[in-house]
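Structures given as structure tokens follow.
In what comes next, chain A is part of two complexes: it sits with chain B in the first one and with chain C in the second one.
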Partner chain A sequence: MFTYRLELTGQQITVYCEGDIDIDAGDTFEEQLEPELAEASSVILNLGAVQFVDSSGIGLLIKLVQDLQEQERQVWIEQTQPEVMEVFQLLQLDEILGKDTFR
Partner chain B sequence: MKEKNVYTIPLSLLGIASLLYMGLEGSGSLVHILPLLLLIAILDLFPVRLLSGEEYSGSLAGFLILLLAYGPVPALYGILVSNVVSHLRSADFIWRKFNIFRLLSAQGKYSICLYAAHMIMERLDGTSIYVQAGAGALTFSLLYMLLAAIVKKTISGIPLLNNLVIKCKEIAVPVVLCTIIVPHFLVHLSLNYMVYETIYILLFLMLIIFFSYGYIRQVRLRRRGAEEFIRIGEMRISNRMEGHGHNVGIICEHVLELLGYPKKRRVDLINMAAIHDIGKMMLPLDILTKRGARSLSEEQQYQSHPVHSSKIVLNVSGDKKMSDWILHHHERYDGKGYPDGLQEKQIPYESRIIHMCDQLEYLMRHFEQDEEVIRRLENMSHKELDPELVSHIHTGTVAGLRQYMVYIETPGATELTSVIEPDKQQHRELSSITGGTRLLKYMGTGSLQRHEDLPSTVVYDLEILAARALVLSESFYEVLVSQGNTYEAHFYPETDWVAVVLNDITPALQYREDMHLHTLRAYRDVIRTLSHSKIDICLKSEEIVGELGEWIDEMEVNTRADVASSRTLVVQHIPEDFRLEHSKKVMSIKLAVSEAVTNLIKHAEEGKVAVYQKSGCYQIYITDHGSGIPLHELPKTILISGYSSKSSLGKGFALMYASADRIMLHTSPDGTAILLEFNEILEQAI
Partner chain C sequence: MSGILVVDDSRLNIAYLTNVLQTAGYEDIQSAYSAQEAYTILGIHNGQPPRKPASVDLILLDIVMPDIDGIEACTMIKSLAVYQDLPIIFLTADRVHFREAFSAGGMDFIEKGGPDYELLTRVQSALKLKKEMDARKAWEEKVQIDLQLAKHLQRSVLTPPLTEPGIHIHSWYMQSSEVSGDMFYWKMFNPGQYGVLLIDVSGHGIPAALISMSIRSLLDGIVGLYRKPREVCAELNRQMRHLFGKSRRTAYFTAIYLFIDRNKQEIEYFNAGHPPGLLLMQDGSPIKLSGTTVPIGIKQDMKLDTVTVTYDTPTRIVLYTDGLVERPGLSIHTGIEKLEQYAQSLHYLDNEAFVGKLERLNRQRDDDICILSIELE
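Up next is the complex of A and B:
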């Protein structure tokens, strides 16, 4: 079950994600999270409480990040768990989104 | 219209009257006129044949000589002799075929003409003998032409003024002939002279006839030869088309008569009509015999046949015009035809004629009702066909044409099988995947006609379904299985009966199964090599089931939320100390399961996840009843790691491949089964 909590600091939004990001998170990502990020000039995705991401989840992340980047907004992904990071590396996510996206 | 009608019956009565009159008036001295009668008989026995098919006998000259020199009664004798001889000849000298009614009505016609000519010549008595002869011949011929046209009109419905110009031109021949010959005879009217003159003319005639017969024979030979080649070609193309070319030729001949097409060019056009499809012999057999719709490339190839035909004709005749007639015989009046998409008057007149004859033959072949043929032909008017041409064709025309048509020619048919056999060999592979197709009729009486080779259960089911089709009056199809055979039955209800088309699709299904196994084997080898034996494609689902160890737990998968549940299920059976010690390994197991179940949700919607153990090896068995996965994606996902492979199956499978120690996969149109194995996990357990 995927949930999130938003924290607004000026023009910057931090998204605290929690749970697993898989195919089941698709609707939450596309219908709720994306519209809520419309105003922010920079977005931080905090994955500290995410224990599991699979290829569908990575697909959702890529789409979200790339959409924001296309609108010239800054995006960072932070506090990724080591097990999750391993899956990211397996699928070369750092190369797709750019290494400086992760911090 | 019947041969005996209001018009021809009085004519024949007149004929009888004329014979009675001859008998009553007495023969006088027949000896005097014997040489002339003989001459008439010879002239009628050996008429000069023209290429147009018309025959000229000079017997009119004989009648006029008899009339002018001896009076009406001997002239009537001349007519009787001429009539009997020409009718005998047209009956091939077989007494049974001799039509006495026609003879009488012809006698009637000639008597009227003779009387009129007699009247005219009496009026002109005293003027030049040449004028008399000419006027007599003209009157006789014109009147005869008129009477004959009326007969044709009442019997076969050919319009009265049909071919008027050509006929008038043709009248010039006998008129000129008579104007020269008749006075010449009358000047030297003696028995000796006539004998001498008869022999002289006879020799002359023989010479002309000898050449004309030889010439005509060559022309016939050429046409028959071409027709025979076409027939052999048609046999090869399809038995159903046999005689098509010949028939189109015959139709063309009659249509040209109706159109008043110039006689000089008729024979060429008729020949072209007969061989219009010769180019089809250049096409591959499978295109011509294909039952369903042709593919785009096949259609293009098929549409090239007029081009082939026209090239062949150009090579044979060297006549560009004639080859163009053939080239454009599939152009449509509305411009939607091929090869050039010409329209209306852009299409050569001759091509339009051939096209119509071609269509008419096709319609007459398929529809027995003349009215139906005409209805369909008229529907094509303005679209495919030139409306002007179509307007000349009526039900009477079709009925008349039927008696000349050739549909099956039995002699030679068996010998020709050798022409077809070699091709059949080549296509055996194709035909072996198509089972028999048959048409059954359900007449609404509760029982279908019996077929010994059909299982009775199938016949029973067909009867029930056919009865339903009749009630619903809707067409539908159903698949029936019996005794290892699978049939596809299509039901087409008419008003009071049902056409049932029954396809035996067993060979097709077997063929598909064979192809599938063949493909699977190829993929198994490729994937086994690429994956270093890590991935095993199974040809049968039983192979995977045989690998399963001891059952631990299982769950149904229906929704997206079940993807997370399946991960939980899998993890909860992993011993706790292993989980703490090897968190990365656990993560990769979760990942593999997550990917496999996600694929299931996406492509099959529902299925099952089960966990097994087999000597320390943890087995996760995922099955669904979806339509199978595309195997051709698999090699790519193994070769290209990472997210760069675009397909949704790819990413998932690449992760499964990276995580699991061994993967077994079986996929078919009935569903997919995946077994993921992870070694050395459950050793401490149990």
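Up next is the complex of A and C:
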């Protein structure tokens, strides 16, 4: 089960993600989260409470971040858990989204 | 049209119920004056179910009857798989039987002497439910048959084992939801050179299988024509983006491709976001064939670097998809380490037995799993 909470500071939105990012998170990502980020000039995805991301979840993250980057908005992914980071590294996510995206 | 079976030892009751139902428009009504007679109508003989269920959609069943009472009859009928979804409504004059009646599998009850509209409403809703269940069951059966066919179809395109002097390739293929996003392919270019590819499409089930099957259809051309890792990688990426680049969700696959040259005892490979292949030689620790670039289908200009390793014979190379080493909440590196140790402990097995044994590492199976083992002598 994937949920998130938003924190707004000026033009910056922090998304505190919680739960698993997998195929079941797809609708939440596309129908709720994406529209809510429409106004932000920079977005921080906090993955501190995400324990598991599968291949479908990676696809969702790539789509979300790439769409935002194409609109020239800044995106950071932070506090990624070690087990999740291993999967990111395996898929070379830093190469895909840019090394500066992770902090 | 819905068939109703009325079971009651009182002829008067049966005549009354039949009349009410007929007046309401139900035409297919059968009656039985005992449980035994009801069994005969349902095709049940000596407790054995019929091969095909009788065309009865609802039973109205009296509780108090001589010989076999309604509760025993209900338990008996419901114990047969063919009648598991057949609704049974009890007819009773006394609420003392309720608890037993419901635990026997009755779905509802009608109080004798109650108003006609109550009888008709309960009959109507039971029949409606039965109809919906039948439709759902028929749909599920159809989907199951389709999926089984699709599963068979997918397995039929898998490359058969290769056993040539000096090289053996065997696979183990497990589809998590009938069809899989994993796919593999190998080709002998000449007796000294071979190409071996393993891909894992993101997600699983039908969407992933559609992608893996369409990529499979291109492999004779891509691997056969380009052969070398750099060119194979570039062409796979181009085709993947061309075919699925416009889909609503990011479609991609991880892949590892080896170009094996036995004369040079050399392997050139690319690894696009795939778990590391393991090169197990007789001496020393395994060599990992780690990632060289991003998964296929994500970036237009992906890195096309390859890595070349040399090997001593005999050697064994294990390629696998992440389903074998990944478990929620656990480190994937730990899974890979376990695989390394386990694979080394099985070195004495012949190639086919070896690949079959490796599968035991992950029995959770909520993901597709594919394992390839290449033995070079």
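Couple of notes before you dig in:
Heads up, the rule we're going with is that the second predicted complex is superposed on the first by the 103 of 103 C-alpha atoms of A that agree within 3 Å, B and C clash if a C-alpha of one lies under 4 Å from a C-alpha of the other, contacts with A are read in each partner's own complex, and residues count from 1 in each chain.
Following the convention adopted for this analysis, a contact is a pair of C-beta atoms (placed from the backbone, for glycine too) under 8 Å apart; a residue touches a chain by one contact, two chains touch by 3 or more.
Just so you know, these numbers come straight off a predicted model, no measurement behind them.
With chain A as the common reference, chain B cannot sit beside chain C without a clash. When both complexes are overlaid on chain A, the residue A:L60 reaches chain C alone and has no touch with chain B. Residue contacts after overlaying the shared chain place A:I23 against chain B and chain C alike.
When the shared chain is aligned, chain B and chain C each come close enough to touch A:I96.
Residue contacts after overlaying the shared chain place A:E83 against chain B and chain C alike.
Contact with neither chain B nor chain C is seen for A:A49 once the two complexes are overlaid on the shared chain. Note: residues 20, 23, 26, 52, 55-56, 58-59, 62, 83, 86-87, 90-92, 96 of chain A belong to the chain B contact set and to the chain C contact set alike, using the contact criterion stated above. The part of chain A that touches chain B in the complex is made up of residues 1, 20, 22-24, 26, 52, 54-56, 58-59, 62, 83-84, 86-87, 90-93, 96. Only residues 20, 23, 26, 30, 51-52, 55-56, 58-60, 62-63, 66, 82-83, 86-87, 90-92, 95-96 of chain A touch chain C when the two sit together in their complex. Listing the residues of chain B that touch chain A in their complex gives 560-561, 563-564, 567, 583-584, 587, 590-591, 594-595, 598, 601-602, 642-644, 651-652, 654-655, 658. Residue ranges on chain C touching chain A, taken from their complex, read 200, 202-203, 248-252, 254, 273-275, 291, 293-295, 298-299, 303, 322, 326, 328-333.
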